[in-house]
Structures are given as structure tokens and as C-alpha cells.
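Labels for the chains are A, B, C and D, by order of writing; each one numbers its residues from 1.
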């Protein structure tokens, strides 16, 4: 039993996503036979006290209130950024300059221009990057992709994608950073997931035309007044894919009643697939090759037949959860760092989604199809 | 027990929809206490023999191979047109000129211009008209409309509508009249239903921008060759409603696996509604007024609480079917003729849908939002 | 075009089931090419006025307040009994003695002894009989039976059947004839449907042991007092089928929230079937012969592939309703009278179900398996 | 920040359940703020090499091929038994004798007699015990229990419980230890879960009558011959609860197509609950207190409103998985050891389930209701 090389993590931030990353590291380590051993090295937060408490709770060996200290530490291999969005670029560029791999929560950057700079810097430095698009790590999503690529649906013709939730449906909830015109809005926040899934499954989108709508025109500013909202609550787009198919997506954060409507439906000449994020362990498959009178959408339940489900559970139908998707994402990233495959979703991929979002926003303003 | 006045029907055509109308007349008569008594007077078909056979099978007293004969017959009150689409206008205009009420299958006419002429002629003559948009007659659709109008969903913000089937998914199936550029295509054939439902529920659409796509570019011409397809297989549109909401619809006849995806989802400030035509006896309702921790989409099953379900069955959950919707449509039309309310879907309504379809097609070609 | 022989109906009763029968006659006539022409001859009700009104509404030519008059009328072929349960036997025996075919709503009789007398009398007289077990007439039920018989599920091993509703769930609702120990209770009323479906699908039950429970021990007697309830609110049984499978059924009329839980699940060595009466146009089928990783319950939607759905609608997925099931039942009965096949559910079949119900009740009292 | 007391684990076994326990320890530690710090001390397996490898992979500090060594080590607090069932009792009794808390996979012991001995020994020693009934740890199960106890369903009247899978459906799969009459069979293996859920939700069962069936009478013995099967493939029971309700359960391991049918349905005077293990993040709730015409089963999705879901994810609808249930189980056990509440499922609870299983088996053989 040879010792595995260590992969030392320096985490910035300890909020919701920081915690999810730590869950991901812990689970990935237990569930997968990773080529490297993850070490929780240092946790950086705003104050020494906060950092120390989080480091203890999460199992990091060290703590700091100055994230830049981690850049100079040769023991740290990966800078993991879960700090506020506005800081992503500065932190990532500094980490790249220091020769660290970078794991960054979405959105990668407020603009495609920024994202491009980040992706190029990392690539030139030969560093591995990762953006947190965990829904793509679902084994049923991978199954769908494999079925499409294997031709089980025949020629792909049409696509519908969605990501709708309702956390912004209450007009009395105040203005937040998510409403900031620089990078905010439902299309950027949720539509980005729908776009990522669309390209993951069908390959590149070639043209878009968008429809971005602000439904709640103002929100409390937290100081007793109201603040005008400039970002979209609903972002829609029609799509043309390079493979010839057409489709649509919608990102919507005021979809009252919906908590995880990350849905897609694909139609090909030989079959169809239907998925809803509300039931992430199911994929529904219709095949024209089934016998007449016996055709229907099959509810395929996640099982060891659908890697990497079997790493979590040897029995079918027992179901994995959201945090398990994060562990799959972490495992993919560690494999990529160990030169075993490509990152699940690199900065280059993040740039791509940011570009799509911006072009859809632009086409919505100009009412014109835009090539992407 | 006074005798009811008679309402005498002259039916043109005896195919699928002719049969469905006859089912509708028979069931409506039994299920509802109509203000008039429907009499199946004359059936017109292409040949004397065909007309005689169908008249006998369907229970009509007379038969003819010359539909124009019915126009001069003072005993006949309603001309019911289920002949090929291309003949709708000629027949309807003649019937109106003869002072008959007209019941016409969809599509009303190949163009909005034609439909307008028909609607105006009927209105000037004070005649009652009906186009067969039966999905609107579903008690669960009526429930949805009433809930929206009563404010149970609060302010309406977003809408998604669909009508997808797969009867054109096989590229080897030949060219038919449905592929004729004059009035054909998935948007006109199925998207029209999605548009009718959208306006039924939310009120007038004010602006549209479309995306009409031909996915199967040629089909067998029935003579050993191929014929180019000009009409859309998928017609999509973004919508702005007069009430301030935005939305989208899609008509799709190559949606492999779908047989009756007449779906909608509405989001308001206080709730959401979800419906699928695949389960026409259910409406799913989410209310933010339910207790925290107890919220969720409720599967409301059709019941006597939801008129006119109770006319069909006094017990909840027993379910009505497609032909029952046709009976509700017939009943609404008979009531309108007896001056008890407006027609469920008049020529004026049919003109409206035809206008929407054409404006969406036009906006798809010009990439511009169009007011409607 | 030769004239079809007439089949003249004398209907007793004009309540819920009387109306449903009339719907069935009307629809069957339109939807099927029946070998005989149904004629609504006479309607009998309690008073002359009631009979006259119902005869008019339902389209019967004659009316009477004395049902026995119909027995002597040679023009009448079928006596259709939808009168209160307590009168079923007297009426049916009189009709048989008069040489009439008899159509009787369920339950056929308060006891198996009575039912046997009725079945034997009809058979000796060579008359056709029908009991209203309409759920068996569902095309998806027929599909299930055909799949089982064709071996698509392999060797059948286990079965679960249910019929649960909630119309007796309110303890404040008064005592009714359904609570009468002679023939009443949830097992007799609803469990009988579950038993009929079980034998329809798997063939004869050989042994039963029951569990009959009264959950609401008293109900208002309608006179200000309470009346003790002796019949079961829930009737359960374990089953052994002649084919070697084992199973269970439950009849339950206090299943709060359920309106039409007429469900079954069958497991064989090669596949499984799942059905719920709440969605009567769907059958879910799992096959171990599907490719690994692609297995799952298929939602087969009712379509023209599944006779006689196509008689109602030429398009798949449009759905039939409860009243359509009644029309299929009527059609089967008319065919049987015309010597084209066996009755869908004869008095002999009704006797069988009554016997099963009584043996389950008995075994519940004695805690012993009983051969049936 | 004070240091938490350590809780040192000695794990026996490294198979499927051993791995699941380790996942549970890792996740529980990250997700919950536990009162103690879990330390993976020693892993015992059959050989030194196997133990060393597993210890390394799972993160244990030490390894041994002699589990008894762990008993004498004062550093170890908990013996965690995931060894073959036949060894559970010997190991647990030795651990108790050595003053260790014991965590044991199900089934606790091959007989209630053995289980009783184990439960009593642990209680007399004042030690905390845990059996792995993880389904009870589902937040939606806890929600159901709380709703029932709070009276949201009114008086509870009827219950249906299931646990069906299909891993024994192939008759060509060989005889395994699960087919051993000492403790084997579908009722013991899966029905036990259905029983545990039934009592968790409704409180004590008072009487049972069973129906245990062997459907596959022989299986390959692995040596080219066949071996007769004595244990049940399907175990059913009717139940009487102390609260007055009646019900049924079924355990079935030949339910072709089912992978996780851990289902229940409860009916009370005011409402109903429906759950399926195939969708473990949903609970369906019907309330008669909803407005007429608006009633229906609500699909409540797991959310932070339903503890401890929020420990895993702050957003609703994101879903937890099977391994997360194990983490909740671990957390409950650690809390109990720290004297903060009762164990989620102690040896006493395991004895209870074993007793129910045996009484059902006995009543199946004697056809008599048995008090339990």
C-alpha cells in the first residue's frame, strides 16, 4: 500500500457553499478511491475568530483572516473560493499567479471578459480549475448524455430546459447582491444551470435569442426605502444547437411552488428523455423501438448500472442526494489534478456559460439572434 | 313538462371529428338538461352511399351528397362543418348567408383574413358560431381560470404553455394537408391550443415574438419522390400579457413519446398551478398560504365540486374523458344559441387564435416583437 | 344496409346508476358497431310522475310506476335493474321467469345463496345476465390481462389489490342502507371490485383468510340518536390463487383522501405491472428483458393499440372516462345477447364475487383459511 | 472553544454496511454539531492484510485481525458490528461485557430470545446500543410522526405498510445466508423495516396474524445441485395497533421492478399521508380542512422546515440521499451516548421488531391472531 500524494486545500469562506465543499471533500474521500489524499490545510475567513471556529468545525489544521497568506504557503495546492462573488476574480487571479489550482463557486465572474481573463491565466499556467456546476455530476445526467451520444434517441431534434425556483418570489424580501446588475439576475443565477445542462447533453449552442423580464420592479433597500430592480426575474431563450436541434431554456427565481425545477426534455427521431431535478434519481426514457402497445416513458431509477452511483450504494433505488453530487464534482476535480481526465467544469466551461448568459441578455435587449 | 324547442343539425363530414361531434351531441343531450332538444337532421358526405351509411350509423334522419341542399332547408338550424380545412370558409360563408348557426372544426380558416370575414359575417347576421377548442371545456381548466380570477394565486407573473405530441415524428410518414403552407404546421395545429389556453387563463396577449422551426425538411410525396416541407414542426413564442405577466408557449408535433402534452404552469405572487393534458382530471395547486412545512403542490382530482364534472358523475375521482369535453363544448354552444351565455369558443375567438399564430409566424421571420 | 335487430330496454330506477346506464346505452350505440340496435322502451319508477319525467329526460318511449307491467310486454327484451339493492332479487327472478335478459347493478344480491338462485334460474332459462363491474371494462385492464396470459410477466408470484375511497370517512354522516348487515360493508361494496379485478387478471382464487374491521362503531340514525354499525369499514384478505401465486386485497371506504384507489400490482418472474384507478388511462410495466441500465416501469398510455380505446378516439393519450367504461360494458352485454361472446360479468360471475366476499367475512370471524 | 470529548470507534467488518457506517461517521461529523468528536480508532477484519487495507482506506488509525483485542483497549468506546449476522450476538455480548457501547447492523440476532439477552445485558450495564434502522431517520418520516402525534390527521384508523424489492426475484440466483431459516426470509429482512416504520408512526402493535409464503421453492446450492428454500419470499400481516387502528404490512423480496418500495399510507378522521421510499424526499398529505374543491394530496418536499434536513442543505428541494439517513442515525446515537436523548433505535427496539417478526411467522403457521 503506497501512500497517495497529498492534495492540500486552502478554503476561503465558511458559509453555505463553504460547508457544501467541505462535505464534498469528506464524502469524496470516503466514497471514491481517489488518486490523491485530500488534506484540509487552512481555512480563511474575515476575522481570526471566525476562521478559527470554522477551521475547527470543518476539520482544517490552520486558520487565517488573511487569505493572501495561503498563496505563499508551498504546502497548499488548491485555493477553494466560496467568498462573495465580487471577490472571485481578484482571489482567483492571485491564486493562479501563485501557481495554485483554483476551485471557485459559481458565478465565476461578473462578466465574460473577466471570466476569459481567469480561464486564460489558469491555462497558461497549466493549472486545473473548477467551477461548481454540480447538477452535471448527477449519474442520471451522465446516463442521459451517454444515451444521446450512443444514438439511443436517434437524431436529436428538440430540447426544453428549465431551472426554476421561488426564493425570490416574495416581493417584500429585500434587495441583495443577487440583484446587482453586475452578474445578477435569474438568468445568470439559475438559467446558467439550464444552459450548462443543455450544452452538456446536446453539445454547443450556436445561436440564441433571449427574453429577460423583471417582474418585481422594486424591493426594500433595507433602510426603509425601495430600490429599483434592474436584473431579470425570468430569463428565457430560444436556442440553435450545432447538431441541428432547436430548443429553449428558462431561468426563473419567482416560480412560486418550485424548489428545484432543474428539468429537461429531449426529443430525437427514435426516443425521448424527461428529467426533473425534483426527483434527481430518476430518468424517464421513451423508445420507439419498444414493441407497439408497450411503449411508454420508463422511470429508470438510479442504480449501480449508472456510475458513479455504485460508489455511494451497492443497491439500486436507494437514492443519492445533493451533497453527493458535490462529492462527485470534487472527485472529478481531484482526478483532473492527478492528470486522470478533464475537470468536470473548468474556468473555460464557466466562461462559456457566462458568455451564453451575456449574449442572451444582449439579444433580449436588441431582439436579434446572436451567434455564440 | 313543456316540450323543448328543437335544434336541428346538418353535419358535413363523417370522419374522426364528425364522429366526435356526434358523440358530443349524444352525450350532451343525456348529461345536461339542455334548453333545446338536439335533432340529428341531415348528414352530408361526398357520395350518396357514404352519406346514407354514415347517416344511418350516426342516427341522422336524412342524407345527402350535396351539402348545399341543407342551406335551403328551413328545418335545419345549425350547419356543422367537419369537412377538410380547405372547405371551411366556403361552407361557413354559405351557411351564414342562409341564416344558419355554424359549428366549425378547427382550424377555422387558413388565414386570419379569412377568419375575420367569417366572424364578421356571422356577427352581422346575429348567428351563433363555434370552433372546436375542446380542451378549454375541461372542468379543471375552468377551475384554474376561476382560481386565477379569484386571486387565489395573487398577482400573475409568469406562464409556460405547451402542446406537444409526436404524430409527425416519423420522417418517413408522407406529406399531408397538414404540411400545406396555407394554414399548416405545428404552431397552427397544436400551438393554437396552447395559445387558446394561455388567453383563456390569463386574458389577452399583447405582444409576441416567435421561433418557428422545420426539423424534418422533406417527406415522401406519396409518388416515390420527396417533397420539401415549408411549415414548422416546432413553433415557439415568448409572450407578454395585458395583465403584466410574461410567458412562453410551444407547439410541437415531433415530440417523441408525447401523446397529449397540453401542459401549463402559472406562477403568481401567492401560488402556482400545474396541469398536464396527459392527466386531464388533475390540477396541481401550490399556495403560500398553507402552513410553513406543510406546503406543496396539491393534486386536486376532478370532482362534483368542479362543474360540470358532476353532470357526468356524482362521485369524485371517477374521471371524465376526451369525448366528454366535446359534450361540454356542445352544451355550451346549445346554451349560447338559446341565449343563455356566450359561445365557449366563437368564430371571433377562432380569429383571435389565427391572428396570434400568424403574428408569431411573422415575428419568427422578422425577429421582432409584434403587438397583437 | 340491413336493419339490425332491436334490443329493447326496460329500465327500473332513475338515480345515479340508472343515469349511468342510460349514458352507457347512448355512448355504446354511437361508439361501437353493435350487432343490435338498442331501444329505450320503458322506464319504471316509483310514481307515474317521476317515471314520466325520467322517461322524457332519458329518452324512453314509455313510463310506468309498475315495473311488473314491463314483464308482460313482449316488446321488451332486457330488464335493467338499478333499483335499491334489497329489490334486486325479486325483480331479477320475476324478469327471468318472464323470459327477459337481466342487467343488474351490483351488488347482485345480499347473499351468495340468493345470487346462486338468480344465476341458476337465468342459465336454465338460457338468458343473458350482466352485473355492473365496469372497472374490468377498462382497456388497460384488458391489456394487463393479455400481457399476463401471454407470459410477458413470466410466472406470476405475488399480487396486491385495493379499492379504497373515503365517502364513509366522516363519522357524522348517518347510517344508510350500505351499513345494513345484509350485504353491506366496505368489503362487499368496494372490496368486491378488488376481488373481481384479482380474478380477472390472475384467474381463480383458491383460499382466503380475512380481516374485517369496523372502525366507526356508531353513526347518527337520522332521528337524533346513534345506531351501532355492524358492517366492516375495512375488509382485508390474504389470497391463494390456483396458479400458485399469493396475494392480498383491501376494500376501504374510510381512506381519507382517496377517491378512486382501485389499484393493483402484480409481480412475475419476468416483469411487474402497476395500475391505479386514479389514472385509469395508464398501465405501468417493468420488464427484466429490457437492457440493463435501461429498465424501469414504463407508463403505457391508453391508445388505439389497446382495444377498444380506438372506438372512442383514434388518437393516443386523449383519455377515456368512467362513463366510457360503462359503454364498453353495455357493448359487451349486447354482443353476448347477440351470441357473440360471453357476457363481461354475468350473474355467475356476480355470484362468484359474492361467495368470495362471504367467505372472507366468515374467515375473518373464524381466523381460518377457507377454500373458495 | 472547548475540546469535545472523544468517541472512539472500533469497527468490525468492512463490507457494504461497514462502508456505509464509515460514510455515516464522516458525514455526521461534518453536518451536525455533535457533542462528541468521533475518532476512527481500529478496524477489525478477517486477516491482517484485509484489516490494514480497509483501515487505511476508511481512515482508521489501527487495524487488527482479532476483534477481541479491541475489547481490552480502554481507548475504544464503541464496538460497531457489521460482521455476518451469525456473529452479531457473540460479538455484542463480549463488547457489552467489556463495557463498550454497541452499534450493530440489523438483524440484531437470529431470534428474539437472543435479542432479549443482548438488550438486557446492555441495559444492565448502562450502555448505549443502536441497530441500523436508518429509514426511520428520514426527515419526512419524522414529519409524518409529528403530524400524526399533533393530531393533524385526527383519529388514526387505518394503515398500509410495505417494504418490497426484487433482489431475490431471479430463481437462478443461489442460496445465501439470507435464506437460512435462522433469521432469514423476506419478512425478517424487509418486513422488519415495514414493522419498524409502522410502530414508529402509530405506536405499539397489539395483535398480528401473518401470511408467510415461499414462492421460489429451491435455489442453486452453488455446488451444481438445488437446495430447498424454507424461508418466506413474501411475508404479510394484518395488524391491530394499541391506538385502535388496524392495518397491514408486507415484506417482499421478489417484487419484480421494485428497488425501494418502502411505502406507507395512513388514514385518519381528518387526513391522510402517503409516502414511498422510491422518493424519499417527499411526503404527500391530504387534509379535510382544506377548502372544498381545493383538497388534494400535497407533495411536501423535504426542506429546512423538516429537521434535520437543514443540516445538510439550507435550500429546500435539493434532496438528501440514503447515506445521509445513515449520518442522521449516527448523530442520534452519538447524542444518546452523550446523554442527550434516547437512541434512534436501541437493542430494545431491535428486540421488539424481532419479536413482531417471530410472532407473525408463528401466527402464519397457526392461523391465529397473536398478541405481541
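Everything that follows uses one rule, which is that a residue touches a chain if its C-beta (ideal position, glycine included) is under 8 Å from a C-beta of that chain, and two chains touch if they have at least 3 such contacts.
Keep in mind that this is a model prediction, so the values were computed, not measured.
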item: Steps needed, at minimum, to go from chain A to chain C via contacts; value: 1
item: Most distant chain from chain B by Cα centroid; value: D
item: Rounded Å distance, chain B centre to chain D centre (Cα mean); value: 54
item: Rounded Å distance between chain A and chain B, as computed from the means of their C-alpha atoms; value: 42
item: Centre-to-centre distance between chain D and chain A (centres being mean Cα positions), rounded to whole Å; value: 34
item: Residues within chain D bordering two or more other chains; value: 258, 295, 297, 301, 303
item: Residue ranges of chain A touching chain D (in the complex, touch as defined); value: 1, 16, 19-20, 22-23, 26-27, 29-31, 33, 52-53, 56-59, 165, 167, 258-260, 277-281, 301, 303, 312-324
item: In the complex with chain B, residue positions of chain A that touch it; value: 153, 157-158, 160, 166, 169-171, 209, 211, 213, 215-216, 233-234, 236, 238, 245-246, 248, 250, 252, 254-258, 265, 267-272, 274, 286, 288, 295, 297, 367-369
item: Chain C residues within the chain A interface of the complex; value: 143, 284-285, 290, 292-301, 303, 305-306
